[in-house]
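Listed after this line are the structures, all set down as structure tokens.
In the two assemblies presented below, subunit A is common to both, partnered first by subunit B and then by subunit C.
Our next item is the complex of A and B:
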């Protein structure tokens, strides 16, 4: 019974007895295998090295080198692949047979040979050999794939880091903890300066793990940086991020996220939380911390029409901090399956004495709770800092300036339904950026323009009284009223007029902002001492400080400011 | 089997019951429970015996909601225990599903 070509093996036969050797060779060849013959152990090892047979039939007792030593050497040469060695033996003592296996033999057959048993043993050993071969191939394939995967992750991470670190995570008022491979846990942390000098920061957590969790990060980061740099506020940025994720992600994928905007000059922080665990506003004056609860559906779930971009605004001054974290913190479990939970976290927040150590203390508490640290938690803390200490936000322009427009005017009127949803400031600022002489003051320009716009909208069109903002409670009420009145707005307008005129080698910009409101007594408001520790009243003094001239006419309904610049070298 | 489904006599409502953990390992069974369903107008996911729910389960609920008509879907998450309610609350899923 000959074997098929696929099962045809090269079999090495080592036996010092010539007649035994010839007999065995004849049997094995008749079964369809190729035979190599050796007359002692040393010759067998030599033949094995040269010809690499797949199976060895080995006599135990041989001159020069015995079968035990030859078996040991052949096994060593074979390395990881299985070369079955079947001992040929007339030995019958248990101890001797055991020696055959100890030396690396896989089986033995007793002399004289039974052809059927011998054929069955060769086949059985060959099956083992093939199994080992398959296992090794699969192991190597897995190793290779794993290496590819790690390399792909490394490249993807390097590309992504270029994007993520283009922001301002290194600003002195930000402290954070993130695993180096957080991207592949779906965690995302981004921060960037807005042209106004505000800081935007996003902590996101995509559903899932690995590559699927990472793919949404790039488009999200692009929208975040793009819109922040152009001067869009949180609501517009949120709407755009949600719409983009909704469009590109499969239905069952979404991104839990918290977005904050820190306004250092006006000492405010604006917060939106959709699906992240409670964040915390930690007060510098010792008041108990304020939880910033998730009140929204995560990004990428709702259609543009039902998405809710309402944010909460809180006073944010010296000593105040915002603390954001991913669900890896509160969802950590100990051996018994108990959650770390919000209460243990709050304990850490309450007992924290040195703000610089807060993140470390949360880590320690987690490690004590679990007995080991986790590498998939993200935490970030943003502190209030004097705006002067943060340095100016840097914006890079790429055009030459030859085509800068120097003598023009433009007027805009934004009416009720537009005021409800549209923020014209980024467009207006973009337009003014065409005037190169204004670029050095673009931050001041943006702040003044947005102050005048929000004054016109909130106090003029919506008729809100900023005196409401004198305490924390009124502060909340103010922003609730703002949202309600804006939502119900039927009439009203804001008109904005720009006049750019050349003056010597430089030029001058006049901005006037007029609203449909009741006006106010500008002389009286401006004569008040500047607010230091109050929650309101920073707007007008900012405008006064930052522009070259400002005045209110038309019973406070029209504000005019001027910016001048010298010729550029 | 941790996912079972049951159609009301008038075929208007499909109830899907999940026992134990509702996470990625339930994915195939959960999808299988509603994917071929064309008649039901209302869906109920009975979480009475669900003791754990992770973010991939939230994703699966969104898939069901999508299947049931997206923004017009009538999907109720019934018998949620307090832990499950907490998880649903963080993601404000009460804005997408009837929770009771």
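Our next item is the complex of A and C:
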């Protein structure tokens, strides 16, 4: 019975009997295989090493080196491949037959030789051999693919680290905990300075694991950093991030996120939570913590028309902190499947005495509760700090500034319907930053412009009374009124005028901001004691402090400020 | 003759070996000649008696080998005699030196018959039978 070419094996036969050897060679050849013949164990091992047959028929008792030793050596040489060894034996004792198999033999065949039995056994052994070959090939393929996967993740992480590095997570008022593998669990933590001196912070949690979870983080980080650097506030940044994710992510992927903006100068924090567990506002005066509940749908789900960018604003002063966490914290389970839960977390918040140890205490509580660590536990704590203690915020520019406009004027008028939905400040600031000499003062420019614009809008056009912002309740009321009146706005305008003129080797910028409101007594406000002025006044002394010259005309409806700069080297 | 050589087995051999059948017979005859000579040498050597365990084991191993090849050639009675000597060589039951000598003699005698038959067979093949 001949075999097809594909199954033609090279078979090694080892038998010290010449006639047996001849007979066996003939039998195996007739079955279509190639035969190698050895007359003792040593010769068999040598032949195996040189010619690497697929199968071995080995006489157990041979001179020089017996079959058992030869079998052991051949198995060793074969390594992880399976080279079946069929012992040829006229041994009949069970012990002897067992010894054949123990020595590494895969089967035995009795003398006298039966060609049918031999053929069947050779085929059966060959099937086993091929099975082992398949297993090894697949194992090698899996190892290769695993290496590629790890490499892909490594590259993705390296690219991402470039995108994320420009943040300010190392600021002295931020403490955080994040696993190095967080990116591939979808956990994202970003922080950046705005030109106004505000700090924006984003904690995100993408659906999925591995590369799919990480790949959404990069575009999101670009939007966050880009818009924050340009001076956009939370609502615009949120709208952009949501639109971007909605566009690029597949339907079943989204990002739960919490975004905060800390305004150190005005001592408030603005919060938006879409899908993350409750964050907490921890008060320095001993009041119980305020939960910052998720009231929005995660990013990347709703279309632009349905997206809600409304934020919550809270007072935020000395001793206060915001604590944000990903769901890896509350979703940790112990062996019985019970959740760690919000209550246990709140327990830690309540019993914490030393604020510096809060994150560690949460970690200890988690460790005590469950057996193994999770890679997606992310926590961040942002504390209020006096603005002077923070140091200058670093904002990054990407152009060379060679084509700097030095002698020009521009006027803008923003009317009611535009005031409702458009924040012109980032564009105006971008424009001013084209003047290279002004860049060193962009922080002051932004603060002053923001102050004047928000005064013009809130106190001028909307007619809100800043005295409301006296306490926590008043804050809430003030911002509710602001939203209502803005929504209902029909008439009104704000005009902004820029004049840039050269002066010596440098130049001068004059900004005028005019509103359609009732005006106010600027001199009176400026003469008020500083504490009252700063928190609930119009921040006028701040404007005065930061600009070179300022004045209010037209009954307080027009504010003009000047900035000057020297020539640059 | 069938009690000495299994003719069915032999015809299978003839079929398997095809053109190599005569050579197989030749090789078996020559190898077995050598083997019987070796068995006799061991058993008839001076200093053989009393037989040592080692010598007995050696005899047993030779018998084992001869058992295998004679079995393959269909020489069933010869095969059986070799098995008896192999068992003796294993030392599982006590055996006297006389018994051993007797077994070797029996093997030689049986082989002489088998050899004669194979010679005839060989001659028939070579003359185109």
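Annotations
Here, the second predicted complex is superposed on the first by the 554 of 569 C-alpha atoms of A that agree within 3 Å, B and C clash if a C-alpha of one lies under 4 Å from a C-alpha of the other, contacts with A are read in each partner's own complex, and residues count from 1 in each chain.
We adopt the following convention: a residue touches a chain if its C-beta (ideal position, glycine included) is under 8 Å from a C-beta of that chain, and two chains touch if they have at least 3 such contacts.
Please read all numbers here as calculations on a predicted model, not as lab measurements.
After superposition onto subunit A, partners subunit B and subunit C are found to sit side by side with no clash. In the superposition on chain A, contact of A:303 is made with subunit B only, not with subunit C.
Once chain A of one complex is fitted onto chain A of the other, the partner contacts of A:22 are limited to subunit C, with no touch recorded for subunit B. Once the two complexes are laid over each other on the shared chain, residue contacts for A:61 go to subunit C alone; subunit B is not touched. Contact with subunit B, but none with subunit C, is seen for A:277 once the two complexes are overlaid on the shared chain.
Using the contact criterion defined above for the overlaid structures, shared-chain residue A:90 touches subunit C, although it does not reach subunit B. Look at A:53: by the touch rule set out above, it reaches neither subunit B nor subunit C.
In the superposition on chain A, contact of A:30 is made with subunit C only, not with subunit B.
After overlaying the two complexes on the shared chain, residue contacts for A:507 are found with neither subunit B nor subunit C.
With both structures placed on the common chain, the touch criterion links A:111 to subunit C but leaves subunit B unconnected.
After the two structures are overlaid on chain A, the closest C-alpha atoms of subunit B and subunit C sit 60 Å apart.
In the superposition on chain A, no subunit A position is in contact with subunit B in one complex as well as with subunit C in the other. Touching subunit A in their complex are the following residues of subunit B: 55-56, 58-60, 62-63, 66, 70-71, 89-93, 95-96.
Residue ranges on subunit C touching subunit A, taken from their complex, read 9, 12-13, 16-18, 20, 23-24, 27-28, 31, 61, 64-65, 67-69, 71-74.
Taken together, the subunit A residues at the contact with subunit B in this complex read 207-208, 251-254, 256, 274-277, 294-298, 301-303, 306, 327.
Looking at the complex, you find that subunit A touches subunit C at residues 16-20, 22-23, 26-27, 30, 59, 61, 90, 111-113, 115.
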